[in-house]
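Look for subunit A in each of the two complexes below; its partner is subunit B in the first and subunit C in the second.
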Partner chain A sequence: MSVVLEHVGLRVGNDAVIDDVSLAFERGTMNVLLGPTLSGKTTLMRLMAGLDRPSTGRILVDGEDVAHVPVRRRSVAMVYQQFVNYPSLSVYENIASPLRVAGVGRAEIESRVAEAARVLRLEPFLRRLPAELSGGQQQRTAIARALVKRAALVLLDEPLANLDYKLREELREELPRLFAESGAILVYATTEPSEALLLGGRTATLWQGRVTQEGETPSLYRDPGNVDAARVFSDPPLNELPVVVAGGRARRSDGTPLPEAMIPSLPDGSYRIGFRVEHASVVEQDDVAASQGDVFPGTVSVTEISGSESFVHIDVGFAVWVCLVLGVHDWRPGARAAVSVDRDGIFVFAPDGSRLQPSVVRRLPHAATG
Partner chain B sequence: MEKAINNRAWFFVLPVLVFVLFSSLVPLMTVINYSVQDTMGQNNFFFNGIAWFQNLLDPTTDIGGRFAAALVRNLLFSFVVLLIELPLGVGAALCIPRHGWKVGATLVLIALPLLIPYNVVGTIWQIFARADIGLLGYVLTHLGIAYNDTQDPTSAWATILVMDVWHWTGMVALLAYAGLKSIPDAFYQAARIDGAGRWSVFRNIELPKLQKVLVIAVLLRFMGSFMIYTEPSIVTGGGPGESTSFLSLDLVKIALGQVDLGNGAAMSLVYNLITLTICWVFFTVMTQLDRRKDV
Partner chain C sequence: MRLNGRSLGITAYLVVLILPIYWLLNMSFKTNDEILSRLSLWPHQLTLANYAHIFNDPAWYLGFLHSIEYVTINTVISVTVALPAAYAFSRYRFIGDKHLFFWLLSNLMAPPAVYAMPFFNFYYSIHLFDTVWAVALAHCLFNVPLAVWILEGFISGVPREIDETAALDGYSFPRFFVRIFLPLIGNGIGVAAFFCFMFSWIEQLLATTLTTVNAKPIAAVMTRVYSAAGMDWGLLAAAGVLTMIPGAVVIWFVRNHIAKGFALGRV
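This part shows the complex of A and B:
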């Protein structure tokens, strides 16, 4: 099966909630919809499920427009951020519910529910009510309900967002495997760039109801096509700096010249440069004079320590940039430090937000000299 | 750390103590006082033990028979009220629109009867039901239905029941509506994707999710209907005969009409105790059921 969205749009009142989205999904693939809250992920899924009808464009399943096929006749399963189960039915009955509605025979229901329960390790809880389970078990019940249906299109709407992190890691690994056998199209909505990278497959970044970029997940991360896609796919947020180029010299918008050759030579105009945390490092006060390259002095405002790495937020006067440091570091707020920017990690965006591809941007000889 | 002990702090609690004393304790003690004393007149009271209570709880005595009959009326009335108002209220809540300007309009309409003072409700229905000039009574009589709420006990009961349904179903509907609104949209979506029908959505999603709200509705409506006084006292005055003499009406007749203070006091205490007990049993059973599910 394939699902194709052709210029799909949805208007509610005067707002375009979904704006001209074109995407294609193939059988047996993992597809991530990555975007912040309210970027349209859930709405897009509702359209794909057939819960809402697009106001413009078409949704094709195996080449056929499905606008008039009611939800119940589509082969769709969905798992939500909230743990959605029938409160008064036992776990067994919950998992069996889609099969009962579909009129599947008794013996087959039993074997399919047993299989789903085994895979999701719900066997000890089959007689319990959902309210008697932990959050993780409730969500596994909801996933079992989706799995048992053997739907061709499985929509997972931030399914792990309400779980604690240990369970998330476990289920995140299991989910693609669980559905892989069925050959279903998996669509997984998330707000977290790291989750998209862990899931792999293909990713579409969403911003304000539009798909800003689409492609293989790792290459999308490496090569964001525009500033919106780069922002959506960066956590901690993308470090940004508006620059003005005049007469071959790049300056900040307040007129301060940038370090020599920090950015490639560009035609006159205004640009926005962006770089991720992994391309920004902290230089201690004493080493600033000795360090070469593009250094911006400032003061530490916050340090987020995650264990294996620390994110140091440094106020460089005109912006707060985030740097990545490996290991646990104890940078005190207010300490003087500087941000060193790795030139190879710089993205240059035109005023319209589109990215100037590295091939277009001529590098100055500094790259050769180091 | 050492705490400074300052006895002047008690002064701040004093107003509350005085208030509670005069609002509850003194009246309650007065009633208890009357319930264990008898009088020969001239404001001379003497201790009478539990004789009033013994009389009251013995259905073969005059007062005991009245009390038992009124209690049965009360229980029957509350039972029928719950039987009608809960399903009707939930049904109405399901019909209230969920979006747009119609929500406000419908809610105001539904809440309107709740805002009318009890005695006004009684007066409205007393006139509305009159067989000679009331719209309801007049229309029913002309349709050939033998209706007269001052002569026929069935008519009287029907009038009071319909009046209570009119007055209070809105509250059940509002509570149920609030409960329905709190169900996340994802549940309805999931049901649609599963292909579940309207009945199945109600039975498996809405009803279980409404359970907690309905416990409150049952409790409120039981207490309200079990203690009903104002409306029937205006509409039927407890008649015809004794047919709509609920406990509260009978109590007022005995204590204030006949100035039978001993019987009246014993009756109001037992009445109070019955209401408390039933509510406590309701509450315990229902929350216990709930706790078993929430483990």
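This part shows the complex of A and C:
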């Protein structure tokens, strides 16, 4: 089975909630929808499930327009971010529900529910009501219900967002495997770039209802096509710097010249450069003079320690940039430090937000004279 | 229990509340002579004659039956009709939905006396006059909006995702509604049914206007004791006690629903 979205749009009042989205999903693939809250991930999934009708465009399943196929006739399963189960039915009946409705035989129901309960480790709770379970168990019940249905299209809308850390790690590894057997199209919405990278497959980045870029997840991370895609796929946020190029010389918007050769020569105009945390490092105050490259002095505003990494936020006067430091460091707020930017990690974006690819940057006419 | 000002206050309040009910009960077991002759705090000549009279006189016990009949019919109709309406008001947006909802509620504000005449005339012309159906249908005037309002609150408390998950699981709408949805709003149905029952049970004007003989409600029968021979106080008190019983029974059965209803919904 394949699902194709052709120029799908959804307007609510005067707002375009989904704006001209074209995507294709193939059987047995993992597809990540990556975007911040309110970027349209859930809405897009609702359109794919048939819960909402697109105002423009078509949704094709195996080449057929499914606009008039009612939801209950579609082979779709969905897991919501909130734990949605039938409160009045036991966990067993919750999982069995789609099979009962489909008229599957008793023995088959029992074996399929038992199997789903086993892989999701729900066996001890089958007789309980959903309200008597922990959040993680409730969500596993919802996932089990989606699993037993063996739907051709499985929509997982931030299914792990409300779970504790440990369970998330476990389920994130297991989920693709669980659904892979059935050859379903798996669509997984998340706000977290790291989750998209862990899941692999293909990713579409969403920003304000538009797909800003789509492709293999790792290459999408390495090569964002535009500033929106780069922002969506960066956590901590992308470090940004608006620059103005005049006469071959790049300056900050307030006129301060940038370090020589920090960015490749560009035709005159305004640009925005961006770089991720891993291309920004902290230089101690004493070493600033000695350090090579592009250094921006500032003061530490906050340090986030996350596992074996520290994210140091440094106020460089015109912006707060985040640097990645391996190991646990405790930079005190107010300490003087500088940000050193790795030139290879710099993305250059044109005023319209599109990224100037490195090859394009090199081929620009001014590059030779720079 | 510690006797302090607060518990004394509450006790006094409860006594004041209970007193009329006790006095009614007290009177119902007395003879008319005792009622009229002196103040007695309990029946000195205990008699069941008043109750015996009611249970042996068809005019009396049929009055009760008629009332129970139309109240039950009305409750069933009101809740059944209100359920889909409340679901629609809760789940769908359509042109004028808010105005329609308000208009429904405004029916609760209209005094029944306004409708007594047109109902009388209309039911008379379609031969519904003096049947329990006449009263049951007339009471829908205020009970359907009430039930819609109560149920809408409960239905809006059920996440829409449950409806959607059921659709994705393949449930047809009727099957979903009966198997999944109704159990979720059980408290709401209990609360709505209770209020419909109560308001229909205590309504007197429409009930007496729309009936004469065959469907005469207990409230109308009770007016018979104002006779030329004077008042039959004991009989009236016994009828009063019996009138309270169905309400008390219904409250007993739905008390848990109502407690949850207060916590959850519109009550």
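Here is the rule we go by: the second predicted complex is superposed on the first by the 362 of 370 C-alpha atoms of A that agree within 3 Å, B and C clash if a C-alpha of one lies under 4 Å from a C-alpha of the other, contacts with A are read in each partner's own complex, and residues count from 1 in each chain.
What we mean here is this: contacts are C-beta pairs under 8 Å (C-beta built on N, C-alpha and C of every residue); 3 or more make two chains touch, one makes a residue touch a chain.
Computed from a predicted model, the values in this text were never measured in an experiment.
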item: Overlay on subunit A: subunit C relative to subunit B, clash or fit; value: clash
item: Contacts of A:Ala49 with subunit B and subunit C, given as first, second, both or neither; value: both
item: Touched partner set for A:Ala131, first subunit B, second subunit C, both or neither; value: first
item: Partner chain in contact with A:Val302 - subunit B first, subunit C second, else both or neither; value: neither
item: Partner chain(s) touched by A:Ala67 [first = subunit B, second = subunit C, both, neither]; value: neither
item: Subunit B versus subunit C as contact partner of A:Val328, first or second or both or neither; value: neither
item: Overlapping contact positions on subunit A, where the subunit C interface meets the subunit B interface; value: 49, 51, 71-72, 76-78, 80, 82, 84, 86-89, 97-98, 101-102, 145
item: For the subunit C and subunit A complex, residues of the former touching the latter; value: 159, 161-162, 164-172, 175, 180, 183-184
item: Subunit A residues touching subunit B - in the complex, by the definition given at the top; value: 46, 49, 51, 71-72, 76-78, 80-82, 84, 86-89, 97-98, 101-102, 129, 131-132, 145
item: Residues of subunit B defined as touching subunit A within the complex; value: 184, 186-187, 189-190, 192-196, 200, 203-205, 207-209, 293-295
item: Residue numbers on subunit A that touch subunit C, as the complex places them; value: 49, 51, 70-74, 76-78, 80, 82, 84-89, 97-98, 101-102, 145, 149
